[in-house]
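This is the structure I have questions about; it appears just below.
For reference, chains read A, B, C and D in written order, and residue numbers begin at 1 within each chain.
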Amino acid sequence: MKLEINTAGESHGKGITAFIEGFPSGVELDKDLIDRELRRRQGGFGRGGRMEIEQDRAEVLSGFYQGKSTGTPIVLWIANEDWENWKEAISPEEETEERRSVTLPRPGHADLAGSLKHGYEDFRPVLERTSARETAGRVAAGGLSRTLLREFGIRIVSRVTRIGSAVDSTEKDKVPLENWNELADDSPVRATAGNAEEEMMAEIENAKEEGDSLGGIFEVVALGVPPGIGSYSSAEGKLDSKIAGGFMSIPAIKSVEIGLGKEAGSKPGSGVHDEIFHDEGRGFRRSTNNAGGIEGGVSNGEPLRVRATMKPIPTLARPLHSVDLISGEEGKAAKERSDVCAVPPASIVGEAELANLVAGAFLDKFGGDTLNEVRESFENHRARIQNWFEEV
Amino acid sequence: MKLEINTAGESHGKGITAFIEGFPSGVELDKDLIDRELRRRQGGFGRGGRMEIEQDRAEVLSGFYQGKSTGTPIVLWIANEDWENWKEAISPEEETEERRSVTLPRPGHADLAGSLKHGYEDFRPVLERTSARETAGRVAAGGLSRTLLREFGIRIVSRVTRIGSAVDSTEKDKVPLENWNELADDSPVRATAGNAEEEMMAEIENAKEEGDSLGGIFEVVALGVPPGIGSYSSAEGKLDSKIAGGFMSIPAIKSVEIGLGKEAGSKPGSGVHDEIFHDEGRGFRRSTNNAGGIEGGVSNGEPLRVRATMKPIPTLARPLHSVDLISGEEGKAAKERSDVCAVPPASIVGEAELANLVAGAFLDKFGGDTLNEVRESFENHRARIQNWFEEV
Amino acid sequence: MKLEINTAGESHGKGITAFIEGFPSGVELDKDLIDRELRRRQGGFGRGGRMEIEQDRAEVLSGFYQGKSTGTPIVLWIANEDWENWKEAISPEEETEERRSVTLPRPGHADLAGSLKHGYEDFRPVLERTSARETAGRVAAGGLSRTLLREFGIRIVSRVTRIGSAVDSTEKDKVPLENWNELADDSPVRATAGNAEEEMMAEIENAKEEGDSLGGIFEVVALGVPPGIGSYSSAEGKLDSKIAGGFMSIPAIKSVEIGLGKEAGSKPGSGVHDEIFHDEGRGFRRSTNNAGGIEGGVSNGEPLRVRATMKPIPTLARPLHSVDLISGEEGKAAKERSDVCAVPPASIVGEAELANLVAGAFLDKFGGDTLNEVRESFENHRARIQNWFEEV
Amino acid sequence: MKLEINTAGESHGKGITAFIEGFPSGVELDKDLIDRELRRRQGGFGRGGRMEIEQDRAEVLSGFYQGKSTGTPIVLWIANEDWENWKEAISPEEETEERRSVTLPRPGHADLAGSLKHGYEDFRPVLERTSARETAGRVAAGGLSRTLLREFGIRIVSRVTRIGSAVDSTEKDKVPLENWNELADDSPVRATAGNAEEEMMAEIENAKEEGDSLGGIFEVVALGVPPGIGSYSSAEGKLDSKIAGGFMSIPAIKSVEIGLGKEAGSKPGSGVHDEIFHDEGRGFRRSTNNAGGIEGGVSNGEPLRVRATMKPIPTLARPLHSVDLISGEEGKAAKERSDVCAVPPASIVGEAELANLVAGAFLDKFGGDTLNEVRESFENHRARIQNWFEEV
């Protein structure tokens, strides 16, 4: 069974649905974990007023019995508390007089491109679906994926390393990966270095005053991923390909890097490739991790390291130049209630995305119908790798 | 019908197969175009001896009749001329004494990760499939996609902007996109600026002397893409997600950027988002193209701009530290005949990848069974967009 | 975009979810139509007590705006009114003392096979998912598909031709296809011939008295399907293959026939194949429809005719021999509240299935992002076919 | 990894390609077995002249190394020996004067429906792809699937039970399933009862004399399938759904039945459902197998039994009424060299289809990257089921 995760739902609609197939039976539900992830997504300095309205909680609509997954399709539902205020404006079922049309597309958003695609003059349907609220569904699903992954000692962490021109210039890997979330979860901007935090917050304050918005860079790491997940056999099975596709699908992401990423283009091979060693009892290991844990589309046992760049939020308090889709007149782009900077929550979405992708690739290799079967396959694989030379 | 392209084949095996489904009927075969693309992939300064052996040509095994596509599955076959020398060493059908085992995995290649996945001590099967030769299949399919795209005025171009520490520092967009291939095809390193070319070649010469290898950066652009292809509705339908996934599946790619890419993280929203204008008769347009032609997962009518970073080739003349998978003894990694730098051909593979992805998304929107039907849908869409305000 | 329909939910759980992707924008919501289909599924002579508890209604959770589809994922939700009585017994979120385990698998149901698959001793999770209640989700989606299909003059009808040994022996096609639903909707057993109706009801009464259950045969027809949907190019694109797969996935179906079906094996070719004629202004037509509207996987313009056999319901009032999954002791299979005969509602499910499959194949050929685009493609196709010889 | 099998190729083209992904590494190649299956497909009383021209043999183009599968995409190639005679007539690469157009569509074939789909006046491309020759690709892939299945004791057998009005009236299951192929392979019509054989051959002779064609019924059985493959969780994962879809995609099939099939509609539940027993050391078993080995979409450990009806071949020596697609004039349908009755070879194709489907569902449950991993999962599952009550 292939793990498949899809979401539905509008930003101001009734709620967000996460529809999940291929999750094995026998995994214990940890709703606290899922709700904690939803809460983490809602935090962060620089968020707008929406976050005070919504206190996301996931409701399990199907796929569990007596506290354990059943292997049947799972539906998680996150109600939108804001819906009461919008139910006339964006009524799904009928035309209303309270319809709240939007006709001045925002540069940088899907507003115009989506309207040209569907022939919309009122691009409300585009706006509602392309809002970052959709990511609540991915984060809920990510919580589920984490409950599976932790059974095998796999953890996902993240941090923010840039917001606008404020950069975390701490020496690389001075902060151990294991400690990232401990530090970042305490920081309003998910920085792991105190000095960077202050600069980042100042940048945000500044942008806010100027009616502008900011993007930045975040890193997500999966710890404890065993070697051998993903595939080198075909383009679409490659783990790095899936990661790049998954991260680029997070709203506003404009670059995805794995391991050394862009820096890998400027160094010689001798300075990039991670030399291979073997330790009795521990197995194969590397002295460096420039590959970011993936070689040829397959995990190599080192931490998976992903870096993503988020562009600034398209909705500006001082809006940019646009054209009205009905009248054709020039004007300023629509303003919706919005954040100034969404990089910290995006890093939480990145964690969820990586959790979902790693869970999917993990099940591709070890997957059976039940957690028990997955565990057997995993243990057999681990034993083979750890005793590689003893078998000969 | 969804356009699906898969490849099969080993580097030194009988040949490479490209298997293509969902291609409409009625498209004229242009074998010269396909073979020209295959030849472009084989060029480039810094290639090894293999390129002199293989003169790739595609043979059409099925899916065409009297010079036109039939809408049935297409098979393109690229024979490996080197097969004669290897048919005993890697015989598919039986065990041979001439078996040419490889047991010292190369850091940076899939050798070790793939062996741990499959339990191989002789990682020959990994090496054979993860060689960049696989990309010949994608390039042949890309030639086919181009024959479709050109019917609609869509062209794909590329250039190399970095090799190791040698960077093309020409002012951005000084060289018009339209002229890239004209210039790059004349350059042994696919540079569009003369001074960069020399530096890049010097870098390669230098690396070769030191037994080292080099990576770099290339850019690929699709010109003439209409607005409205891709999707904002779901994560996996997003055009930027598909592009990121597709490019990251090209061997050795470690970062994918769209539009401004990584730079988008350091600028304010007012300096990033492309303001919207409308010109009578020409339609909507932007004054800048920082988005790289995609907003919210959907093409916006501006050129699609993709940038990818390739790491250095893992096979080094002065090999790195490794561990023998049979004996467990430390040693130097395997040497296979190899190039020093594969960035120029990778940019051709990038062109093919983008051609395939754009053709797929194009058919998702305009697709019918026949070229004629595709054309009708496309023309209707174009007319609607060009006469946007006249319809009101 | 490919039309994809998936369902989730348990028989006594919170409700049933239908998750629908790839539905074009611009289609008007007709909730009355959807609820009417749900009601039709709940009718029929021989149903058990459950039908009096549930009065199914679909709620639109996402994918519509101001009464029209938006092209984004649609979620339809059908709440289970019975949930209140079961929320402790099958609590998804935690273990409860009220847990209502079932351990004596019913022959003919998935109980045992599903338990062996997942290692269950309490097969409640199997029972909950494999109940026919799941089909409410398909029927709701089918209502949606009908709103699309009726825009193009496509209608779906059905009738029951056998229940147990009671057979509708009316001369073939004496009742015009167009009139089937008019007659069948008035019959408690969906018979289109009065004499058959009485016999069928007597059979059911009889089986009920004996604590037994009954299956039967129903026919589903799609009227107005244009020629050219489906595919002959690959096995999985064939319309008849999709229909067979879809119908066999309806619980308890054991045979699927298209057109003449099984009878086609006993006649010579000259008595089976539908001769080809052409009428000015009307286009190609056949004098017979033994093919059931599909040749080589592609619709040929004649009505699509499908016949399916449903086995008797596995839950018997006088239960069969079984073995307790915990104790290993022999015993009588579990009794759940159940119907005696579900053939009439199954024919409504069959209508929904055919509506969904035809809508999918229709969109594969004519599909664009919007209803408008679909209509343009359809009209162009129709004109070409109707003026086939005039074009020359 | 999901097992995916696709074919390409034209009836008189260069050859047939089978493209296979998701096959585990470590499975020994048995080319003799594959070629034997190809040969079995070519036999049968009532075949036309083509069978004497082609002596199908599969060539392995990729996916194997030193006699074992590598887990990478496998390509099997079956050259068409007839190609030499056709290479000008159906040249893929260019228009030729020798073009052999066909314009009088055969009732019962895809000729007309396919032409209307693609706007063809010369339906040669339809004819070439919809010929039963395509099934050579499935049969070659089926040979591969068998090499996997036999590792786990799974065998596939078939027989013909009807040709036209000649029926095998032997008492049901008088011939043990295990002996079917032994008997059927010796019979020119794949009958397992001598008297039926003669009648069937007489029917064929008779039809041939009258310029007519015949269909019939065949049965395919998979022996040794473990309980628990397939799925009850979602419509498309159900094993019976996949089987129905797969068999209906075989050219000319008009009905698919599982187990009792159509007969299940006329009996009461007490006479249909297979009562459940448990034998120490052997596990759960049934006294009957009316379900045909599948309950609720999941295998239950009994033999999988499938029955399919094939309509008569559409190409008649005394052709039926048709209309010329260019002139519009009425005429007799095209004659291509053809068989009179293809039921015996169709039963071999059915075996291949079932082998492929069972292998796919088997790998869905037990699948890992290597045969070794598949075996471990399978053995664990088997032990759990066999010791079901001991574990308590």
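Note that contacts are C-beta pairs under 8 Å (C-beta built on N, C-alpha and C of every residue); 3 or more make two chains touch, one makes a residue touch a chain.
In this text the structure is predicted, and so the values were computed from the model without any measurement.
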| item | value |
| --- | --- |
| Touching subunit A and also subunit D, the following chains | B, C |
| Distance between chain centroids, defined by C-alpha means - subunit B, subunit D (Å) | 38 |
| Rounded Å distance between subunit B and subunit C, as computed from the means of their C-alpha atoms | 44 |
| Distance from the mean Cα position of subunit D to that of subunit C, given in whole angstrom | 26 |
| Subunit A residues counted as touching two or more neighbouring chains | 6-7, 21, 71-73, 117-119, 129, 228, 231, 233-234, 365, 369 |
| Chain contact topology (line, ring, star, complete or other) | complete |
| Touching residues on subunit D, where the partner in the complex is subunit B | 6-10, 13-15, 17, 19, 21, 25-26, 29, 31, 60-67, 70-75, 90-96, 99, 117-119, 124-125, 128-129, 369-370, 372 |
| Residue ranges of subunit D touching subunit A (in the complex, touch as defined) | 1-2, 21, 71-73, 228, 231, 233-234, 237, 364-369, 373, 376-377, 380-381 |
| Complex contact set, residues of subunit D against subunit C | 6-7, 105-114, 116-119, 121, 126, 129-130, 138, 162, 164-165, 207, 210, 212-217, 227-236, 238, 240-249, 251, 253-262, 264-270, 272-278, 284, 286, 291-292, 294-301, 309-314, 316, 318, 320-323, 325-326, 328, 330, 333, 365, 384-385, 388-389, 392 |
